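Across the two complexes that follow, chain A remains constant while its partner is chain B and subsequently chain C.
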Partner chain A sequence: MKNGFSVFIAAFIALGASWCGFVLAPVLQLGTAKQTTILVSGDTYPVQRTGDATLGLQVYRANGCTACHTEQIQQDGVVFDVVLTAAGKNPVVVSNLISTLKLTGLTKEAADSANDKITTVGGKVETHLIPTGRDIPRWGIRRSVATDFLYDSPVQLGSQRIGPDLADVGARLGNADWQLLHLYAPQSVVKNSGMPPFHFLFETKKIGDAPSPDALNLPKEFAPPAGYEVVPTTEAKQLSAYLLSLRADVPLYEAPFTPAQVSTNVPAK
Partner chain B sequence: MNVNEISQQKIDTSCRVPLLALFGGAALWLVVGLTLSIIASLTFHAPQMFADCPLLTYGHAQPAANDAILYGFCIPAALGVMLWIFARLSQTELVLPLVPVVAANIWHLGVFIGLIAILIGDSTGFMWLEFPRGSSVLLFAAFLLIAVSAVATFGQRKERELYPSHWFLLAALLWFPWIYSTANLLIESGHPVRGVTQAVIGWWFADNLIFVWLALVGLGVAFYFLPKLGERPLQSSHFALFVFWTLMIFGTWCGIPQGAPVPAWLPALSSVASGLTIVPLIVIAIIFVKTVCGANTNCKGGPFCYIKFGTVAFLLSTLMLISSGCPHFSKIVEFTWFGPAQTQLQILGFFAIVICGAIYELLPRVMGFELPFPKFVRVQHWLFMLGIILLVVSLAIGGIEQGLKNYSLESSLPFLRVSTTGLLFLLLGSLLFAANIFVMTFKWKLALIKSVVAYIKSPLETAEVKS
Partner chain C sequence: MFRPNKMSDEPKNSNPQPEAEPAVTRSTVPMWIFSLTLVLIYLGAVYFDHHGGWFDPQVYSPYKNAEELEAYQPKSGAEALRAQGKKTYETTCGICHGTDGLGKPGQFPPLAGSEWVNAKGDKRLAQIPLDGLNGEVHVKGQDWSASMAAMGAGLSDSDLAAVLTYIRSSWGNNASAVTADDVKAVRATAVGKPAINGETQLKTIPE
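Then we have the complex of A and B:
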């Protein structure tokens, strides 16, 4: 390093390389990403969030929710379960065979061989693909992938899990009333929750001629004084709409799984 | 006093006003940042505390604290130290001394606007890039102005041969504008890039700022002061050159977390790069040991101690960074307190301490008089050391515990309480630092006013005599 110019060139080469790798290449690879189709159903994914939910993302950003919550489910791998759907003509043989086989948590090869064995004696089976990992099924069904965030700006992946992951919270806890109660007084619905209450997203006001239809139905120890009610502000409603819109629960090409079957014995509601 | 000393004094004096402008604001932001950090960590002691006060909830106070310490303290204080080192190494007075004075004020105004914006909910939502557009533009402009003065001073150097610190500091001058403009233009502009690309660029920026930029500047400063204070030449500049290249080449590719929802080649590449970072790390350790062990300086909590502690903290924080790039270990510690522990060790344990040590060494020379509270230097060293050990060790162990117990908050709460104690020690230390800087500035201004008053009075008196 004889002069300033050579230092400049050295730094330029080093940083330029990583700029091409981690800025330019992802922009080229992901910048033109389009909607994809859901496996099995063939619907388009993801769809744009509703207006309220889009505004709710801004409430999420403004309050720094990402300091405590991630929106990315991790997955270690997948296992295969072999599920018998019909016993066929020799139910006794099939059930004897099944009792000797391991049918859950298999590798692809083991699942295929079990599949073959049962099919040869006349049983009908399905192979289910099940993602594994410590976030599954606690916080989601499958790992988060780039497509899940196609319409988000800012993308709030987060880096710390002081609270739970929220990538699939809309599917896990899909009730708007529950979300609002939880925002106002987390301890009223989750015992020992360490989340701070967000009272400033709500209004405590005197009950007028009739109670507001939006008023929260709080348990006694969290309720406002008699004659008062707690009403969510627009921001709280938008935030709750955003939380409900967070769903990563459809199988995709890059994150496949076998969706839970709706049992046909239950009458449709 | 010989000619040499007089010229040395002239060089130091030429830096006086810009350095005071940079250090004064920096000391204030350090106190503000650590106070906000403590406020944020109170959430873990009493979650209900700020239920009705949106400004100080964890999600507002924590990013504000991080940015106040990094953008408010670390960068401007480091720029001040850099200007002085450039002037000293060039053996020439600071070129364009007024430019950094203006720049320092623009920078601190930008930080002020940015912090207010974060607190009132106007943050951009990207870690380390929370400042809104207006404030980022101010920071960018201020940095360029200071870089102009630094490069102009560098151009005037009498000794044409470069010293290792030159490489590191010059590279840092190019690094920051590049990464800061890229990240802001692609993430915060009116047409941001789409989807997870935003996150990838955010991670690239954060790694290049917190790991590479801080390392370049911190090591550049350490490689200047360690030989100077230890009265023993740097062992050796060939090793330093090797560190310079490998640190830049490998360091700049770290930062994409394992398991991120992005194309798999990105985290894989990052994992390899962070593994290779062990190469410059070993060489830095060799340089450090060879340079420091032969030194016969007894530091007694003085600047030499600061810089020694800081360099060791850098070695440890980089080891933590490398370990969290290992696929197996990262599965345990990803998303836990281990990450913040590493960042705090890098920012406070390494960078802040090296810079504080450098400031304590150079400020008396620049001002031409001794520190008002010289004993505080030693006390602050112990407070910082204790604070950083409490903060980082408790967060790191708490993080591993949290990871092993499936992210349960209860398992990490006792560790978080210890970390708050660590922050309190750091805050006390930063108050001592601020006291030294502010009293020094006040004394200098008082002397300035006195001399101005004397100057105004003196011609009047002579006029009276004449008449």
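Then we have the complex of A and C:
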């Protein structure tokens, strides 16, 4: 081949440059990422999953949940709300002033100026930072960032949104019974759900001496025949534990917001 | 109305004229390509500035850069107080005592590790910036004899409290925070007095 060596060098540089950009640079920037501290409460985040939830990630993966669900909340911007916390000595003046001001959906500058105006007449205010976007607040509170995925292996980002985003599902729907019911018969809890039932994660068996404490409490049209009960298998319980562990509901440095109340990262029971 | 297909009867041209061979000629690149390239580079740079975050791993869209993200941090009480203290310290005290709290050898005593700064109570410490301090003082095993003006007399209670809290919790110092009420109480007794005269008088002030 003519100029074989030059072609090799050119191909090597082209591939090497893209490797540096797509592999080396991200590893240098985020490869040593560690647990971080939640802004307000000072708790560490994220916490390592429990054993069940860690195995549940593999169940999630094995059943192809990423084909329909993403785990990444998008954010388009931020707005600021100015909230009065104390009226001070001249409540009438403060309330008159407030009735003339716009206090929600402000830019940072507008919020600061409203803050100054109210503070000069003696009121005390708090400025709340609220993320905005098409996923917020229906699926999450703030955008997803790299820290959220620290203990995910492999990360289940997903790209198809046939179903809702699950990055914050543990905080939105933090009830194990609901999750199990939804896995067995999605339409029993979400009427127009397009999700297929995952019957094979459950066992329909004859009721023995006493009903199993794990048995699903199904509505009539989804219930098994009389004398039978539906109990979740270990896999279903692991998957439900994993779903409950998906919580991206704490403010971080790189994704700040003002929580309604100081949030904890303890998974819901 | 039958018409024979004339075309098919015509003999095919088996030897068409070859098209002209493409030839390399010299011509200048039009100016508009240069202009367009420059405009595209400019637009790209503007877009990068707004969306690139300058490759900072902490900056995600929709935040433009680290400064914007920093400005949006919800400051809790302690953090905000520290920021206020640092700012006031650096403009009022840092010129002599240094932004690193180490002072200037032979001229101004250090605050880092100083036994006066790290005292249990904050009353005596608060009185130094309110009244000023002249004469000999013993700090960290050395004698100092600079004179300090009443630098804190012009600061508000909350600013002075923030500064005192800042110097008591920075550079390895680890003493309790000072509240604006503490400063207010000390100011009430200290205002208008002459500068504290050396270590002997300083020691008579209750901690």
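Here is the rule we use: the second predicted complex is superposed on the first by the 255 of 269 C-alpha atoms of A that agree within 3 Å, B and C clash if a C-alpha of one lies under 4 Å from a C-alpha of the other, contacts with A are read in each partner's own complex, and residues count from 1 in each chain.
Criterion: a residue touches a chain if its C-beta (ideal position, glycine included) is under 8 Å from a C-beta of that chain, and two chains touch if they have at least 3 such contacts.
As the structure is a computational prediction, the values presented were derived from the model and not from experiment.
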**Prompt:** Does chain B (first) or chain C (second) touch A:29, or do both, or does neither?
**Reply:** both
**Prompt:** In the superposed arrangement, does A:238 touch chain B (first), chain C (second), both or neither?
**Reply:** neither
**Asked** After lining up the shared chain so the two structures overlap, which partner does A:253 touch, if you call chain B first and chain C second: first, second, both or neither?
**Response** second
**Asked** After superposition on the shared chain, which partner residues are touched by A:129: those of chain B (first), chain C (second), both, or neither?
**Response** second
**Prompt:** Does chain B (first) or chain C (second) touch A:108, or do both, or does neither?
**Reply:** second
**Request:** Return first, second, both or neither, reflecting whether A:149 touches chain B, chain C, both chains, or no partner chain.
**Result:** first
**Prompt:** When both complexes are superposed, which of chain B and chain C contacts more residues belonging to chain A?
**Reply:** B
**Asked** Is A:188 contacted by the first partner chain B, the second partner chain C, both or neither?
**Response** neither
**Prompt:** Which of the two partners, first being chain B and second being chain C, lies in contact with A:15: first, second, both, or neither?
**Reply:** first
**Request:** Identify the partner contact of A:77: answer first if only chain B is touched, second if only chain C is, both if each is, neither if none is.
**Result:** second
**Asked** Once the complexes are superposed, what residues of chain A are shared between the chain B interface and the chain C interface?
**Response** 29-30, 76, 143, 145-146
**Asked** Any idea which chain B residues touch chain A in the complex?
**Response** 43-44, 47-54, 57-60, 62-63, 118, 121-127, 151, 154-155, 160-162, 166-167, 170-171, 174-175, 178-179, 182, 186-187, 192-201, 203-204, 208, 241, 244-245, 248-249, 252-253, 255-257, 259-263, 266, 269, 331, 334-337, 339-340, 406-407, 409-410, 413
**Prompt:** Which positions of chain A touch chain B when the two form their complex?
**Reply:** 1-4, 7-8, 10-12, 14-15, 17-19, 21-23, 26-27, 29-31, 33, 61-68, 70, 72, 74, 76, 134, 138, 143-164, 186, 192-200
**Prompt:** What residues of chain C sit close enough to touch chain A in their complex?
**Reply:** 55, 57-62, 69, 71-74, 76
**Interfacial residue positions of chain A with respect to chain C in the complex** = 25, 29-30, 39-40, 75-78, 108, 129, 133, 143, 145-146, 251, 253-258
